[in-house]
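Same chain, two partners: chain A is paired with chain B first, then with chain C.
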Partner chain A sequence: MEASLEAENEALKKRISELEAQLASRINHTSFSFQQSRPPPNMVNKSEVKLSPEEYKRYGRQMILPEVGIEGQMSLKRSRVLIVGVGGLGCPAAAYLAGAGIGTLGIIDPDTVENSNLHRQIIHSTSRVGAPKVVSAITYLRDLNPHPNYIPYIEPLTTENALQIMAEYDLVLDCTDHPAIRYLINDVAVIMNIPIVSASALKMDGQLVVLNNPPGTGPCYRCIWPRPPPVGSVVGCGEGGILGPVVGLMGVMQAVEAIKIITMNPVRDIGRTEMTLFAACGASPFRCLKMRGRKAECVACGSPERAEEKITRESIEGGRMDYVAFCGGRVGVRVLQADERVSVAEYKRVMDSGVEHLLLDVRERTQFGICQLAGSLNIPYTEFEALKCEDSEAEEIKSMFRDQPKDRPVYVICRLGNDSQIVVRQLKEAGVFPDNRVFDIEGGVTEWARSGVAGEFPEY
Partner chain B sequence: MGEQQGSSPNGVHYKPVTLDVEFSGGLETLFSNQRSHRIQIPAKDPSEQPANLGFLVHYLCENLMKDKRKELFVLEDRIRPGILVLINDVDWELEGEEGYLIQDDDTILFVSTLHGG
Partner chain C sequence: MILKNVARKSAYHFYLLRLLDSPNITQTPHVLKMGENKPTPTGTFKILYFAYASTHTKKSEELLPAPMQLSELFEALDKKYPRMKDKVLGSCMVTVNLEYVDMDTNKGKELKAGDEVGIIPPVSSG
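== the complex of A and B ==
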């Protein structure tokens, strides 16, 4: 009886937070207004703010710091900060900024909470798996500190909404995971005259840099990275892996930088931009790098030689900026013909029929160690990749299969069905198996697990 | 750190330059999974010009990089977009980029930009 009441209570709480989120989202959308440009964040919103007795106590431990003081606390309360992405970076950043008493905290993210997020996205919870991340985050934040005004946006940041949304804020935290959206945040932040606190992380490493700070003086993302990286070099946390506290540390550092920008007036170290590198396994884990200044010919914050290249409000709103295309489009490998690929169900039938075959798993050894299909041979994709363009490529690939019978079909599997296609092509071009019966298993072990063709199989 | 080798008394050969080359942000996987390398390079490039950063990059490709995927480090003869180069922890753009003349005991850091979050 008690358990069912508790469950009902939980469900109702969840529903209330969802409705509140919807309501706030609606209010926010109807009340937007454009501002041509804005002064630095610590100068705006001269409106009177007051601290309640409860807030004096709550913020006392940071207010007694000379770097904050009552003035700094008022600046925090007056400030409006937008967090783009409430994942591994955004979760700890949002928690510390909410805790510090930011006046308005906007959070934008289109995703829902998955249980594979929870090792690092620590303000979400197991009970909120499936809920929009924005709703989950605000549920936690409101419990942590009820004073800030939380503004949810359950949508992606796009060229259509970015100008409208970012016009409402004094500072933006880039907590995203793809260069395309990082360029978009940058371009709009430059137009809106607001600083960007940008961080990123992968595996055991993190990077942090404050851009467009103070607005119009410090370099922007495009000053430092004028050209996007080639698609093949961009690795996400899903593929490369990420240690929770590494990305968490970078998010916490974003909160530190945000508080510094908001509370310090005048801004110190004008014109000097530093990038902080963190390498958990490096000889010196923290490194501070002195970065270049603004580029006079930057297409976002400068005056490009060809004036038509200058990025403006009009070029973004008019749909002339295709950020995804600029960054090389979506990654999705399609190198094989349909008859060179089999579905997981088809492969299951091969397996059950007892036909002699070779199952080649090209995932990295760590992943293969987590789970594998019976009887598979593991040769990581990177070993094939390393042989590419070598004169001896075909010979070396052949020697990998020295001990394997050559008269039976070969099925290649990887995690998602991209690497395996490339290996199929390499095996065929090298002519390792004379009759070339080499097939890719579509969707890899992930599809094998999701489809449930072979009962329970871990998805990671 | 220690004494350099390969010096020659008569000036026809030049003392090689000893420096630290470091990789971060995943680039180390292209260089035997080792983040830091103490290396010696010739003091002059093949056209008898003092070794500069452009020559170092070329030298690394030829001599230190075991991985065949050169395009992950160099694209169209330049450092590929997304890699930052730091000379003694200072952005190479403030130091003359490829034209910077390598000095003994320099630390040259190549950082691949991360995007995850």
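== the complex of A and C ==
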């Protein structure tokens, strides 16, 4: 009896999260078309807003503060804030910003709620384990304050969507967990003239700094940390551990800084940036560090000596910025044996010989759209990556190749020859092609272009 | 944590010894409850290690002999903690007396006795 009730309960929970995801993606689409017609972002957006009698009561306790007042409350209601990552930092930040009456709150995160998140990611809940974090967060936030316009993005922030998404906001909160995304947020925010409230936490310690504030004056992330941390030192909360209230405190402080930036117009203390370090077990838990203004030769916000290093909208949109590689993420991936890889010249001979084979290109669709080898099939790496460590991985991968003959050799190509190796390994482990003749093309389309084996081919 | 306490304790002993040497021995040191607020012994500056800088050195702070040129700091640390330059310092921000210093443009700066230096790596998780 109990077992069947539990099973029914599980099935219903699953159904609820499916429906919530559907609903969120619908909201996403409708709000997207609405956003298209909006005026360009501007901190001094003077659009008319009104407070309802209920809102006067709701926000009264903060409106009577001279630092906020009615003007500050109106600024909050006019403002559009993007929270990147709704985990340990993003949860409390989102809750306080929603509670304070931010007009538009965008939340982007590709992950789903796991029960190991709940000791610190306090706006999610046990009943929403398995639901997309963005859906779970908005469920909580709507209940807390129904007035803000919540915009869900159930996707990662990438070089392909960052410019478009961040263009809709006046302020961004960096609540992410990887250096690659931190550099991406920074570069796009500098291009878009948006201040960043950045925080991070690990173990018992946290960091908080407001960057690019006011835009063009304050230092950016690259002014302070031009070089990313070495790969081995990047420890996530999963490996390093994290105390819930430590990361929570940093998220709450992000909300404080965001409200200060939005309500205190015009910006005070121009050019004064401080970084706050928190060490829960330190003899003096809080330390305020005085920062300098932006660095003249910064590649993001300054004028680097070598002008071609300057990061621009074009270099991000054109796919020339590989943030993961910059942070050492997948550089020099070597998961295959020498006999599982072929050089571009060897592949050219296969191509010319007319032997029947499958060429699988695992670059993202936009990149595939830029240039591709004749007769190739495009299935992006991210689709393989999403299946990793899932119970159904092998079956799902097999179904991707349902319509392909299985008796031919397969050659896998990507941009640089890293992702393709991982996909070769996945295809082999899943046993998609029974005789396992699956090969990686070394160096990817970049090497294909550089080597000139097939004459002219664009390198991008 | 234990190491940190040992470091703090030894700094404290160092301080007491200095006091014994000094003429105002009759005064008992009374401002010792906040480790970081006590004066740095003569001839040294204090260096604080944060995040993975602390992991690498296995301590959160220590005293180093002063004066030292800022431009010599990384070499000195690399000598004391092998491979620290490669593995840690290359990506760190440095502060002197709670103020950011640019390692490229402040090469001539001198670290004086009593200064407090911070080695602050970027933390990315959250």
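Note that the second predicted complex is superposed on the first by the 286 of 460 C-alpha atoms of A that agree within 3 Å, B and C clash if a C-alpha of one lies under 4 Å from a C-alpha of the other, contacts with A are read in each partner's own complex, and residues count from 1 in each chain.
Methods note: a residue touches a chain if its C-beta (ideal position, glycine included) is under 8 Å from a C-beta of that chain, and two chains touch if they have at least 3 such contacts.
Quick caveat: nothing in here was measured; it's all calculated off a predicted structure.
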Sharing chain A, do chain B and chain C clash or fit in the superposition? clash
Taking the superposition on A as described, I'd like to know which of chain B and chain C A:385 touches: first, second, both or neither. first
Quick one: classify A:187 as touching chain B (first), chain C (second), both or neither. neither
Shared chain A contacts, counted only where both chain B and chain C touch the same residue: 85, 87-90, 175-179, 182, 199-202, 205-207, 224-225, 227-230, 232-237, 240, 242, 247, 250, 275, 277, 279, 282-283, 287-292
Can you tell me which positions in chain C touch chain A when the two form their complex? 1, 8, 34-37, 50-52, 55, 60, 86-88, 90-91, 93, 95, 98-100, 102, 118, 120-126
Considering the complex alone, what residue numbers of chain B touch chain A? 24-26, 35-36, 67-69, 71-72, 75, 80-82, 84, 86, 89-91, 93-94, 109, 111-117
In their shared complex, chain C is touched by residues of chain A numbered 85, 87-90, 175-179, 182, 199-202, 205-207, 224-225, 227-230, 232-237, 240, 242, 247, 250-251, 275, 277, 279, 281-284, 287-292, 295
Give every residue of chain A touching chain B within the complex, in rising order. 85, 87-90, 174-179, 182, 199-203, 205-207, 224-230, 232-237, 240, 242, 247, 250, 275, 277, 279, 282-283, 287-292, 385-390
